[in-house]
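Order of writing sets the chain letters: A, B, C and D. Residues in each chain are counted from 1.
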């Protein structure tokens, strides 16, 4: 009967993770608006609830109640399920992220993650590579020129940056000797990898910024040229899904940065989960900060950065890491 | 000695190579000097060899050319009095003719080609003279044939001249076939192609085989020496430059046939039948050609027929078994005939390429030097006593008379008749050209350069004196030539006939010759006697004698014409309608076949992919079927 | 029937069905999406058959890269729909397919060894990687060269401005 | 037991034939390429199954190679399609028939 217990535990884990993620995503909206306001020397939302804390609830309600418009000539099925892909991808990635050290209940140790895959990192890359479908199909299915252009841009951008995203993690795998995210965290018992792999960290950070279509890499959306890009034709609930996806992916990417480079849940004094949350929040906050600071890059600059700078840098970094690892080990 | 012999052969070859490679780059003067120097050097070497190798005979091997099993062909040189004498004559006469050519060809722009062929020709002739191996000899044999073809058709832009060259080439080829067969027979019989070996072992041959070989050699010699029935090329060969006619068709190439028979005399002499055939060919040709010469109006043609006739004498002497007589005749003929040809060349050039003797006359006044030279040649040719021609001819006639075979009596009478005719046409020519009242066509006689007349004087001298080599002891002579040639196989120093008969023959001979001169004087002389009218340039050229007894037209209508018709039939019917159409028809099958297959080549990817799939399925099904049938 | 076996059958049905859907779609985007579905199922099958690395790579390479490229080309070039629907073109290949199914099935079922069951086992990424680079390092290098050549070729074709057929005909 | 080897092979064979039919029946260049991809994938299934059947990793290694081949083939193939589309304004395989007999 142990597998029934295991199943129940799994369900609980999934429910907790989903809840936390959705909560965080909603929170992120508020945080972003507030932070942007502060960075632009204004207040941000402060009318709904104390300090405007209920603003996300109001936003969600508004989006849920809005009319769901399907453009004429759209490919309905694809149009419906494309936003779901965008939201689904970060949720799936979250399944392999370890949030804390093992939970001890008596003798049994319950790992605080949904699935400790031995190919966890590959799983992350695999699933991340799917987010392009959401962008590409959403734009294409809308049967609109703006959407189409946005989706083509998005697809090209995502493919380009996926490469450096994956390659920047190779040194991490080399250092940890495993694809499993739990093992990677454990490998950082002595020091976080950011200290030995700053270049990898930088590349991963920039790539994940591009992957999540955040400023300064938000060309698929580019409000001023493409009127919202691939989600121009979306409204209501489906538009909310795109947004949800973007914010969840910000959080998940933050969690991954924490896992890969910042030592995961490890930290002195505070409990592991607290450390993990703190580390996770660093990345989204930084994203928002960047958004408020930097202008949007041009499309060709984006592609050049990806192919001509980040990718060669990744390769050099891999070779250097390999060489140093060989030297140290021998 | 080896070096000298090699030099004799190599100098003309190098000269030819020089002309071929650098002749056009070098200007006229160096090219001429190089050509003459090559032959002159060769002559000096030949003279040295002649003196150093006095009455010796030996074989020298230069290199092995072909060696397959026991079939060995070596570039061997066989040196004996005969070959050294031949080489000496060839280089001497050629050298003079080269010098003469410098003058004769002074206006021709193609001098390097001319001298190249000429040098190459001398080389080939020397190969014939020295070769010990019949195959090696054959190289020279073909070499002279080729050079002769190239020089006859030297002015190839004139179609008539080019076809004269082709005619000479084809007709001499007929003779070469005989030579080729003879070479094969030699190898089968003696397992060797060395002339030394062949001559040494000739005695082992059966009578029939000896006859066959003798006749084959005669056949090849007939082709080269323009004897009956293959005479017709030589008169046409006059199309080439006159020095060429002198060199090739008087002094050297045509004598190659005679020389071949001399070299292989032991083989030929084995069979009396072959010897008789040689003599018969000789005498018939001598008579025929002398008659034809009488009817010719072109100065060079007269001389050409004369050459044929004189070669007939050489054959006759050989057939009678007298190598020394034949060789003596060959030598003196080489001198006086080249002399006559070169004189003719002077005359022709002086008269602006005019060759008709009836359009000449009174040239003595314009060119006295040539007059005397020509007279020397004519006297030698006509065999007037006591000059060279007379002594040699006398020896030939004596040899024929002395042959025990009764048929040779008939030959003797024929030879006497030919003697008479020879004298007649020789002086007819002389009178017509130099002494007859000047024809109105003769005007504006061009002066002839000294370089053309200069070389003729030594020739004239030799022509007049060469006969003394054969001066019989009966007349107080030494018979030097027969003695010199004593070591040569088959040579005889003395002709076994009584002294009275010999004197009788000489007397008859001289009488006949003189009578003929008188007759010529009456018919063609400068003074009109007995109301005889001299020939006129305006009368048309025709008649049996002019056409050389219609031999050429006979060949033309009965051999060449049927051949042409046959060739046309083969061309138009067998080849065009049969072979070509057959090939075209069979080729048409393939487009039709292809049209069937082309259906599959739609050019569409889907078809190809479908076919690929079909092939895969066929393999799979085939595998299943074989699996189930337990194959 | 064990749970794994059921999963296998489910996946097999999913693979075959979605592939069949993919090849018959008139809309190329739909075809590609069905194919992606098929590749997902295949990846799951790989995981089931003890090849987790391959499962991840199947998604990364096939679904994440190759199919995205297809989608990209379809979106930019054609816009999704192919031309006329011609049913006749299916007859001949389908017959061939049937024939090969029959003969391959006959061959398969006549082999007694093919009834061997597959017991679950997993190749860990580490052992797989070690095996790959110990035994097949040279082929890997060769394959990387192949990829490089393909890269150059694609780049050339992409940048080279080819003449259109109309231009060629005009020149002729 | 997950499945018998037979079942894996049947699955693989079915997918392969589907791909072959697709390549042979479709007239669209892209669908032909898709058919080829399907066939390659089918080979991969069989190889992974065989790898498990004999408990050696070579089958899986070969799938890696197949993936590399597929990637190379698709990149060049699609580049060709783009190229030819530029020239003939068509991706119909049958419109490239200049070499017909």
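Some notes on this structure:
The rule is short, and it goes like this: contacts are C-beta pairs under 8 Å (C-beta built on N, C-alpha and C of every residue); 3 or more make two chains touch, one makes a residue touch a chain.
Computed from a predicted structure; not experimentally measured.
By the document's definition of touch, common neighbours of subunit C and subunit D comprise B. Located most centrally within the structure is D, per distance between chain CA means and the overall CA mean.
Among the other chains, B has the CA centre that is most remote from the centre of subunit A. Taking the mean of the C-alpha atoms as each chain's centre, subunit B and subunit D sit 84 Å apart. The centroid of the Cα atoms in subunit B and the matching centroid in subunit C are 88 Å apart.
Spacing of subunit A relative to subunit B, judged by their CA centroids, is 108 angstrom.
Subunit A and subunit C, compared by their mean Cα positions, are separated by 29 Å.
In subunit C, the residues that touch at least two other chains are 53, 57, 65, 89, 92-93, 96, 100, 104.
Those residues of subunit B in touch with two or more other chains are numbered 606, 610, 613, 616. Interchain contacts give a graph that is no line, ring or star and is not complete, per the touch definition above. Applying the touch criterion to all chain pairs gives A-C, B-C, B-D, C-D. For subunit C in complex with subunit A, the residues that touch the partner chain are 27, 29-30, 33, 36, 43, 52-53, 55-57, 59-60, 63-65, 68, 71-72, 75-76, 80, 122, 124-126. Of all the residues in subunit A, the ones that touch subunit C in their complex are 75, 78, 117-119, 122-123, 125-127, 129-130, 132-133, 136-137, 140, 148, 151-152, 155-156, 159, 162, 166, 177-179. Interface residues of subunit C, counted against subunit D in their complex, comprise 2, 4-5, 7-9, 12, 15-16, 19-20, 22-23, 28, 31-32, 35, 38-39, 42, 45-46, 48-51, 53-54, 57-58, 61-62, 65-66, 69-70, 73-74, 77-78, 82-83, 86, 89-90, 92-94, 96-97, 100-101, 104-105, 108-109, 113-121, 123, 127-128, 131-132, 135-136, 139, 143-144, 146-147, 149-151, 153-155, 157-158, 160-165. Those residues of subunit C that touch subunit B in the shared complex are 89, 92-93, 96, 99-100, 103-104, 106-107, 110. Of all the residues in subunit B, the ones that touch subunit D in their complex are 594, 597-606, 609-610, 612-613, 616.
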